[in-house]
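Below, each structure is written out as structure tokens.
In the two complexes below, chain A is the common chain; its partner is chain B in one and chain C in the other.
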Partner chain A sequence: MNALRMNAFVRTLPARPWIWSFIGAAIVFLASLLITGGAGAGGIVVAALSLASFAVVVGMGQMFVMSLGPGNVDLSLPANIGLASAIAMKVMNGSDSMIAAGIVAALASGMLIGLINYGLIRTLRIPPIIATLSTSFIVQSIDISYGRGLQVKPPPGFAGFTDLRLLGLPVFVLVIIVASIIAAIVLGRTIFGRSVLAIGQNMRAAWLAGIKVQRIRAVTYVLCSALGGLSGALLAAYFRGSSTDIGNEYLLMSIAVVVIGGTSVAGGRANLPGLWGAALFLVLLQVMLNTFGADASVRLVTTGFVIIAVITAAGGRVAER
Partner chain B sequence: MSSTASARPVNRTSPARWFDLSPTLLRTALPFVSLALMLAAIGWLNPRAISYMGFNLMLSLAIPVALATIAQMFVITVNELDLSAGFFISFIASVSVTMLHDTPLLGIAVIAGAVFVYAAIGALIHLRNLPSIVVTLGMAFVWQGLALMVLPQPGGKAPAWLQSFMAVHVPFVPFPIVAAAAIALVVHLALMKTSYGAVLRGIGGNQAAVARAGWSILHAKVLAFTLAGVFGVLSALTLVGLSTAGDANIGAGYTLLAIAGVILGGGEFMGGRVSAMGAVAGALTLTLASASLLSFMHIPTDWQTGANGVILIVVLALRAMIERRPK
Partner chain C sequence: MTAGKTSIVAFSAVAKAYGNVKALNGVDFVVDAGECVGLVGHNGAGKSTLVNAIAGTIGTDAGRRTIAGQDLTEHSVVLAHKLGVRCVFQELSLCPNLTVAENARISHPSLTGWGSLRRADALIVAKLDDIFPGHGIRGDQIVGDLSIGRRQMVEVARVFTQSVDPIRLVILDEPTSSLDSHASAQLLAYVRRAVATGVSCIFISHLLNEVLASTDRIVVMRDGKVAVTGATIDFDREKLVAAMVGIVSARQNSVAKQRRGDAPLRVAVHKKHGAAGNDLDAKAGEIIGLSGLAAHGQSNLLVRIFQAASRRDRGVDVTATVAVVAGDRQTDGVFPLWSVLENIAVRSLSALSSYALISQEKQRAMGETWRQRLGIRTPDLGNSILSLSGGNQQKALFARALASDAQIILMDDPMRGVDIATKLEVYALIQEEAAKGRTFIWYTTEFEELENCDRVYVLRNGKIVAALDHDEVNEQNVIRSSFGEAA
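Let's turn to the complex of A and B:
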């Protein structure tokens, strides 16, 4: 019975796009090991896991939002991350006793942005892309005005937390792994998660089935922005300070990890393990190209082609309606 | 819902008031009303700005924005979205200040090749039934990388003919206004009065119906993306003509700005509902809001993008009010 099930699982593996992201990550990792002759493997793993975990935190939020159905995407994440990084640093003001307050402030700033996003979507009945775009424009300006030239270093305790190791792995990476397992359970096993997916499959059917569609959508947007705020604080600790463009790469990155990770752009289908696979794949790809001595332009072009190749190979959206 | 609405007596408010105008008319007029209000506000703050010279200065940067907006509009017409537009403009701008300046033939070949890539992306999206957001996201990385390869450091030099073209002075009417009107008119006629324009908009409305009527969806999508590429090139050329030098990130903000312009102009993501004239008006409004209005109000430039966000929200709120008005 169990063997049968295992067999069925293995047979369906190629049909699961996220598998390819893990295979890709493994191939890229082995390739970079071959180049370096195995030297620095530990360092590569730690660096890749750290950077991938930031992409995963932001990607989790984006994944929940994109699962709500076509057109749902949060473009305000980069601005949100930038502002939260500045707020966290300013509230902490370099003092260990204020770490918790700073994280709460970053979360609150993110959640407020999420509420505004959803408020615009709801009251103006505009596509989420436009709502989050408008918010993004405004938040970006607030961030520039508030956070530019901010020279506050993270408190030693918070910065030290990003260096803390357990079994050779950074503790914050382990925390994010646990958080993503919780998120996977929320997605697959809770009413909230199933409601998100149901709305993504067919909003009207979900509404007829008694799901409180608008409430779920509101919670999803707030959740996504809260994760953006949190990653802003974490990034500021990791990079030893806030900056207005600290979140810039996460607009494209968050969408990329979600899609390469096997989440359907059409909504209604999400995949959490795939996020890790995709994030590791993209980060390791950068690391490998780095060891090749490729400069930023080559890394960007390669990343772009890989995204297109993966989405082309994984096939298009299946007509499901 | 609609049956109860139509059962109600329609003409309860007998005196004709402005809001009794048809919602469609109000909706169409909204981008132009916004632009007029913006100009009125600027004129009130600084009367001297409303002059031949003033318009030349205030609106020159609106030309590349308007062209980028039109590019995005073609893609939105066929229900797709182009996230790579800004980086494509950066790439073309980088090519213009290097190859096009030093070896014009090579520059032209590279630019033509880039437009061909745009067309191919349209074909790929249609043939493999891929989400355009993701494919153009990938292309955003590619164009960004290519722009950096061509122009690692800001610099280069725009070809002299481009600079002199952007410095043209038309008698009586400021050049940017002439250019914007010409762009809007040409694209409007192409989209609204030609059969292929109708096919493009029809695909946005109902792709299956257009296919059943015997039109090739593949050709139409390739055409939409090719036009997007061509207008992206024009946007980049006018941009370097104005800035005289290049930067691999010169167009980075244009992706989102152009989407905002299309929506401000009355376009919608779905249904092939777009307006070329509105989109150009939207682009002008955004440019005026982020640069001229703010500086005349003595608000720091930090708030440039914020002003765009506010304009977007205000106009969309007005549109929501128009559409939700009880009939």
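Let's turn to the complex of A and C:
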């Protein structure tokens, strides 16, 4: 009986690919506990959740963009995050009364970058990969001259917010969990989400089915960049200051969590729970490698291999269908 | 046809089937040396399949194929080429990113080494001068930059260039479709000169007077068989059309149409250049057919009407909401990752939403209603759309359009690959929906379907050339308008 139930569970696994990312995260977590002998488990969980939630914010935007179909990707996120972190900190200027204004400024900077991205893709008919990469270089240059490398500290209230705990978990992590539940509903149950997935499967069919294809694509790119801007502000608060390279690791990270999380690289199929599993998996993997004493290059190489392995496995699944 | 001449092509009882469709059903076909044979027939009569079998691009299932005395046992493009068969296909086969001379060199592998490009250049330009004097094409021009007419000139000239292998038979499939009348005349004159030197030619054209003017013998194909064959001088236009249509089939008892003179106008395609009147009118409750030879602008017209519904178009007025039933399911219709239900619902998302969320109950209710009305055969609407047979996928696409709020339904040859039982169900449903006031604009390649229409517009080269009322719709009238007079 039990075996039967187990079998039934295993058979539903392919329909829930995100389960694998959670299983992977759990295995890595247990492995690192074995090494440390169980010490600091609580600390690892909190740190992993915090770092994973940043990856999820950026990953959500990237997931919507990649769901638009093959070739759609936003490579301007790292530069976008860097600039937004600088703008947020400068606007806030260490004063608690300016926190809201700073967040709005970061969001605005992100949305502007999203508009530029989509403008290049649409009007000049440049492939998204090139368009967002070019935007990235421009934004990076602006950031370097604007930020001048000097770190502006976040206001005490904003920095304190990242330390705020509820039931032992950071409040901003809980907020991001709620935000991702909303994003899952947007994806599955709203016209916008359905439209994105339809466009990702077949742009022409979506157009003929009455979907406003170009408007949806524009909104998606702007949404992604806005989330990038928001995470720029949050990261500056979490790390106690803005910097040009604060978003650098989110180029690989944003794409990796989307892909490992079970979203189809070919578009049309997105998966939100998988983002969390994948983000936790990757963050915990880095924590584990850190406790092994592996250096940065080993961490990057490992992450790269994991992504290749997941895409290979996911590709096999598509072929079976 | 003179006795004693050797045959270049000798086919006997050749058959070729694609699935259940018998593209060639026992064809006997002979071309003698120095003979120009005109090959005519309606879409799907088997002309292209026959030509491909001669060129060696496809194999055949049965029968004997001989080219220049040699048996073709398997499909071999190389062997056919060696034996002297050359083709100009409807789809231009030049590489658009290369120059005219480079394209010429590709087809002559014997041109190698230093200066080969210069020799290819000389070869192709000399042939262009020969066929189309005053053509104005240079060998170093990129093919993609040339107009479609000039590209076709290059295509034709390239086929007639000779390096090592002899040219015995040239197949021209719609060679004049992109040429203006002057260049067409030049080409036809050249074909006659080539034939006089002993080259054979198979000439396919939808312009019947070209066929009548420049061939020695005409072979009419119908339903994968040679229907009629005879010397060109024994044919005239009427006889040719009659031969293509065959015995006029007994017409079904079509539903008597009520005139809908006072119904509001839903779609109007205006005449060009401000001329008074409309090329196309579609009123509420009307079923409008679009016909003519395949790919003569019918799908483009539907797309234009679709666009005009959301974006102002000075030439097209659309006064109601529009939905499309795609014929090419893979490229225009189906969302392969979705369930049957999601595929049906996608056109009606805003109608199914309340408070920004798509209601699962409304979605399911709509799906069930249309599953029953169309008889979509699936145990569960939650199953993948790809689990359905082609006909049932098509029904799902009909359901998508009919379940929507659209008052105008555009149908782009939606019955391709659909079985007869399904078709009859859908015809009845279309009649029913039209009676309720919906407008249907229906491009179809099947004559029987035009019987369902109140009015049929025939398109040729992207233009509406005839409007036939319900009583005037028959195969003969449609074919006569589709072929028209030479441009």
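The criterion applied here is as follows: the second predicted complex is superposed on the first by the 302 of 321 C-alpha atoms of A that agree within 3 Å, B and C clash if a C-alpha of one lies under 4 Å from a C-alpha of the other, contacts with A are read in each partner's own complex, and residues count from 1 in each chain.
Definition applied: contacts are C-beta pairs under 8 Å (C-beta built on N, C-alpha and C of every residue); 3 or more make two chains touch, one makes a residue touch a chain.
Note that the structure is a prediction, hence the values are computed from the model and not measured.
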Task: Clash or fit, chain B versus chain C on superposed chain A - done: fit
TODO: Look at A:G268 in the shared chain and tell me whether it touches chain B only, chain C only, both, or neither; answer first, second, both or neither.
DONE: second
Open item on the list: Once chain A of both complexes is superposed, is A:L34 in touch with chain B (first), chain C (second), both, or neither?
Closed with: neither
Open item on the list: Applying the document's definition of touch, where does A:R189 land relative to chain B and chain C: first, second, both, or neither?
Closed with: second
Open item on the list: Just checking: does A:I181 make contact with chain B only, chain C only, both, or neither of them? Give me first, second, both or neither.
Closed with: neither
Open item on the list: Tell me which touches more residues of chain A here: chain C or chain B.
Closed with: B
- [ ] Would you sort A:I211 into first (chain B), second (chain C), both or neither based on which partner it touches?
- [x] second
Open item on the list: Given the overlay on chain A, how many degrees, to the nearest 10, lie between chain B and chain C at the CA centre of chain A?
Closed with: 60
- [ ] Give one of first, second, both or neither to describe whether A:L164 is in contact with chain B, with chain C, with both, or with none.
- [x] neither
Open item on the list: Touch test for A:A100: chain B only (first), chain C only (second), both, or neither?
Closed with: neither
- [ ] Once the structures are superposed on A, label A:I126 by its partner contacts, choosing first (chain B), second (chain C), both or neither.
- [x] first
Open item on the list: Quick check: superposed on A, how many Å separate the nearest Cα atoms of chain B and chain C?
Closed with: 5
Open item on the list: Output the chain A positions appearing in both contact lists, the one against chain B and the one against chain C.
Closed with: none
Task: chain B to chain A touching residues, read off their complex - done: 81, 83, 124, 128-131, 133-135, 137-149, 152, 256, 259-260, 263, 268-270, 300, 302-310, 312-313, 316-317, 319-320, 323-324
Open item on the list: Which residues of chain A touch chain B once you look at their complex with the stated criterion?
Closed with: 71, 73, 75, 120, 123-127, 129-130, 133-138, 140-142, 144-145, 148, 252, 255-256, 259, 265-266, 295-308, 311-312, 315-317, 319
TODO: Can you check the complex and tell me which residues of chain C touch chain A?
DONE: 306, 323-324, 326, 331-338, 342, 346-347, 349-350, 353, 356-358, 386, 400, 404
- [ ] Note which residues of chain A are touching chain C in the complex, please.
- [x] 185, 189-191, 194-195, 197-198, 201-202, 204-206, 208-211, 264, 268-269, 321
